[in-house]
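You will see subunit A twice below: alongside subunit B first, and alongside subunit C after that.
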Partner chain A sequence: MSTAVYVPSRIKSRIRMLLPWLLLVVLAVLPIAGLTPNLIRLFFITFVWVTTSLGWNLLGGFTGQVSFGFAVFYGLGAYTAALMIDRGVNPYLSFLAAGLVPGLASFLIGLPTFRLRGPYFAIATIGVSEATRVIMNNLEITGGASGYRIMEHVPFRQVEHYYTALGMAALAVAASLLIVHSKFGMALRAIKQDEEAAADLGVNPYANKLAIHAVAAIFTGVAGGVFARYAAFINPQGVFAFQTSVYILLMPVIGGIGTVWGAVLGGVVFGMVEEQLVANFPQIHLLLYGALLILIILVEPDGIAGLLGKIFRRLRIPGRKDDGADSGSRKADEVLRRTAGG
Partner chain B sequence: MPEQHIYGFIGPNGAGKTTLFSMIAGALQPSAGRIRSHGKDVTGKRPFSLVRAGIARTHQVVRPFRAMTVLENVQLAVHFGRKNITNTAAARDHARQVLAWVGLDRVADTLAANISLGDQKRLEVARALATDPELLLCDEICGGLTRNETRSMLDLLQRIRQQGATIMYVEHDVKAIMAVCDHVMVLNYGEKLAEGKPEEIQNDPAVIEAYLGKAGSKKRGRSVA
Partner chain C sequence: MTFFDFLNLLIAALLLAGIYAVMSVGMTVIYGVMKIVNLAHAGFMMMGAYFAFELNERLHLDPILAALLAFPFFFLVGIATHWLLVRWLPHSDRPTLQSLLLMFGIWLVLQNIGYLVWGNTDRSIFTPRTLSVIDLGPITISTLRLVVFVAAVGCMVVLEIALSRTWFGRSVRALIQNRYAGRIVGVDDEKTARLTFGMGIAFAGVAGALLATLYSFDPDFGRPFLLRAFVIIVLGGLESVSGVALGALVLALVETFSILVVPAAYQPAISFALLVVVLVVLPGGIASLWAKRRRLA
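For the complex of A and B:
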């Protein structure tokens, strides 16, 4: 290593392990430090998106199963929480149910669709998602297309929502890291690379895909529920929209597919800029996402995390040539894995 | 089939060697006949459950998980093989032992994409071995290797047998088969042509005919021994 300042690697890794906790503390103190309501709202939305991004990333990033149907989980979570909170159930109990219902639904969707591979799986998830939206548009008890209003008979406290969402996002990060560094996570990475080879070493690809699909659905569903309570009004054109599915997919792709912190980064960037884009370019904001997606795929398939990984490497080892066999994704993964302390 | 033997399979291209392996390992379903292991019928079982039943295979064309290190490749097999270890540290330790045993410890922390073909072939064997199989199916593990690499691979096979596993071994290189196998079966067009000890096979007229043509013409240039 040619770094000017010598830092023993153990201390370095200690610092890396501490970073996420430090971040958590800072975020926990922010509202007390006097964050404006508008910023609290922005952070809240960001935490919700980070959670869905982490959920999608488990299935799409780590396991390589690209789904366009996560709006189903988000919407089911939102409606489950909405119906329960409206009937006076404890909101946190409702959030649990908001995870459970999409978790169960994920099996209904996964059992047939995981028989398909690659693009066929992706197309099937679009079908399921659209069908669900149409059904919800016509379902009487949820108000159909006109949406559902949640009446909660307690005063609205924005800070409570902030902490709920922060806790949820932190749990999603922790769960993702645990999964990624476990036996289960290893099977997922193997499935992404070569399903048959994984099966020849004792991994059951179908069962593992179903399992991670359920975990991803729970993340996304809880996020939907937490959002619904805050928004107090949801409708199928919002939470069940194809657009929602695309947003959820876009975030980990922006941030860096297949890495936990990449997914977090994607959620943060998306959460922070999305509103600005919608406000400033109402007609063409979707077009911008499309252009961004193409740009990322062409220029930096490993997203912001991949880009940062490359930059860090350049800074750390000046003059060393990039060797072609080593892809940016792996570098990013290595960098991020080290940051994660795993 | 007797245990703790190396069972060799040879035959011309398209004789059905790899197909036979794929059927035993569960990748293909046999259209007729049954496959039994220790008297238990395992026909039509999925590959992952066969691994847990003690049957593991290597691939003729190597299929390493390229974005994983060599160690991680083997660790996966330790996790999901017959030992079924959940603890990652324990699995990693065991994987290191396997790598040292097969002689891949020097590249343990290299990405599987970046090691030589010879090492990737060896990794195929190491992974299959790490599942702790009773029956190891080795499909062309010496294909494309140098003479030295081939020799050390054959050494490895014999050491695996000494550890108590039974090996089914398919190879194009007849010399390699004859050198290590206790028993050889010759396949042609999906049928058994001959079977016996290596020395018997080499002199079998039906085998010579399949390999060299009817007249035993020397122009074909490929000798059976």
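For the complex of A and C:
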């Protein structure tokens, strides 16, 4: 017999809706409560990673299009913001541009590859990141391979960067949730499950994939721009590195592919662990990531979120069965089944 | 450009095409049978390069001989990889998110094992053959490239015979055409997939070992070649072994002659540009120009 206290599900869902807001308030108060500069930096990086993780997840997790080239968008965003801030443009305006440029660039990859079924997109993304880094290494205006230093003629205030990144991550979460629970999000999941069936039901896979690719690129680009302003120095081997693409792909996979909070979780775990790993195992941290990727795919494809879900279900916490973003995908399945099955 | 310059470039392109074909064919058979895009191909190529390097360094073995030894060695490695990891993937008749990510993970692991064992210094294999050339008047041919070409063509011929004359080859071709129909007529798809994976990895190892004699390499060796291999496969129509030879030739020609117009620094971008052009103009590969696809689907 379950001994859990009876809580009406309406109140429970209300509590669940309040949790993200609570989290946001706590994060907003933290710097005032006295966070060491080092911790603020760690949080800042984590927010940046969370944003990119959410972006990749929209395309990879919800739409099923694996991209190995998100470093392109991250780098383009970083360079756009860097060039504009350096010329005295308002930083926040620059961040907008940092989203816009990768958003447009995403069409260059998407237009030729999304039309076709098959693995074309995934492989093309490897090629794009390769080609982009080569070009950036040789481009005069950005200083080529030696990188680009951003001169901003205002005093450096770390807290401002913290709030910028926090706001960006919060917006990314909100936008992801809105997309996922909209008709657009349902179309994306339908494409992931069966592209042809989705097309038969009146979903245009080509247009939808292009659109979500652009959205994901915007997320990643803005994150790159925010990071560039903080770092004040960027170079192609850094932001355009293959490693960056690996990181961006790894986070949602760790956290849980295809759920908004899973992607957030992955970004947080990665942001917190990454520096420790790089510091302690500089030689083998990518090796560890690769092994982790293999392990997750074969053992727990739903990542940490899936694992937690299983544990909660095992512990029989009532109401956990259809929770959060999970219920969204299940609802979509249901609708699909009903419409497709007749 | 004189006629002989042109001829020299043409010969260089042809010799390059041979090794390109060997490099891509392993990916094609694995994709055809299992519908898995083997991103780890790059990692196994890198391992093949170091395999030849170590044999040459320690046992003073001829690198071409080492490349031949790489075939059985990497065949076993491939079978072990399949048995350990790949066979647990859910079956599908199209590339899945899981398979892409798994192969990517294997590649990451291989690459970083490479960094761990050999560090990130550039290595190369140097033999007396490396700098010798065959002089035919105005035409010069690098001996090494010729030898590599002969070895590569030998590999392709052996593969062609294996595919067309053996029962294993028949079941491979059956599964490439239609996995379900193949199973209905009694093809053991699990066993065929295992052997195919082993063969694909074996070709990656051989190609890596052969390439190692031509270029210097580090643990990131396979990456530029992975994209090239994929362009070749797309040119060839994704699932056809004979298409690979054609695709390899086209890419080799484009790369060789583009040196005349494109700065060398931008060379890696060429295969990508070619990929985009092919996807837009000829998504079915070159073969679709004169052949209707027999498969309905």
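Definition applied: the second predicted complex is superposed on the first by the 310 of 342 C-alpha atoms of A that agree within 3 Å, B and C clash if a C-alpha of one lies under 4 Å from a C-alpha of the other, contacts with A are read in each partner's own complex, and residues count from 1 in each chain.
Going forward, contacts are C-beta pairs under 8 Å (C-beta built on N, C-alpha and C of every residue); 3 or more make two chains touch, one makes a residue touch a chain.
The shown structure was predicted, so the numbers you read here are calculated from the model rather than taken from an experiment.
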Please indicate which partner A:37 is in contact with in the superposed arrangement: first for subunit B, second for subunit C, both, or neither. neither
Examine A:135 and indicate which partner it touches, taking first as subunit B and second as subunit C; both and neither are also allowed. second
Name the contact category of A:298: first (subunit B only), second (subunit C only), both, or neither. second
Partner chain(s) touched by A:187 [first = subunit B, second = subunit C, both, neither]: first
Just subunit B (first), just subunit C (second), both, or neither: which does A:197 touch? first
Of subunit C and subunit B, partner touching more subunit A residues: C
Based on the superposed arrangement, let me know which partner A:126 touches: subunit B (first), subunit C (second), both, or neither? second
May I ask you to decide whether A:88 touches subunit B, subunit C, both, or neither, giving the answer as first, second, both or neither? neither
Where on subunit A do subunit B and subunit C both make contact? none
Can you tell me which positions in subunit B touch subunit A when the two form their complex? 25, 27, 46-49, 51-52, 56-57, 59, 63-68, 72, 75-77, 79-82, 85-86, 88, 91, 111, 113-114, 127-128, 130-131
Along subunit C, where are the residues that touch subunit A in the complex? 31, 37, 39, 85, 88-89, 94-95, 97-98, 100-102, 104-109, 111-113, 115-116, 223-224, 226-227, 230-231, 234, 238, 263, 265-266, 268-269, 271-273, 275-276, 279-280, 283
Flag every residue of subunit A that touches subunit B in the complex, lowest number first. 181-183, 186-187, 189-190, 193-194, 196-205, 325-327, 329-330, 333
List the residues on subunit A that touch subunit C in their complex, please. 60, 64, 66, 68, 112-113, 115-120, 122-124, 126-128, 130-131, 134-135, 137-138, 242, 246, 249, 253, 257, 283-284, 286-287, 289-294, 297-298, 301
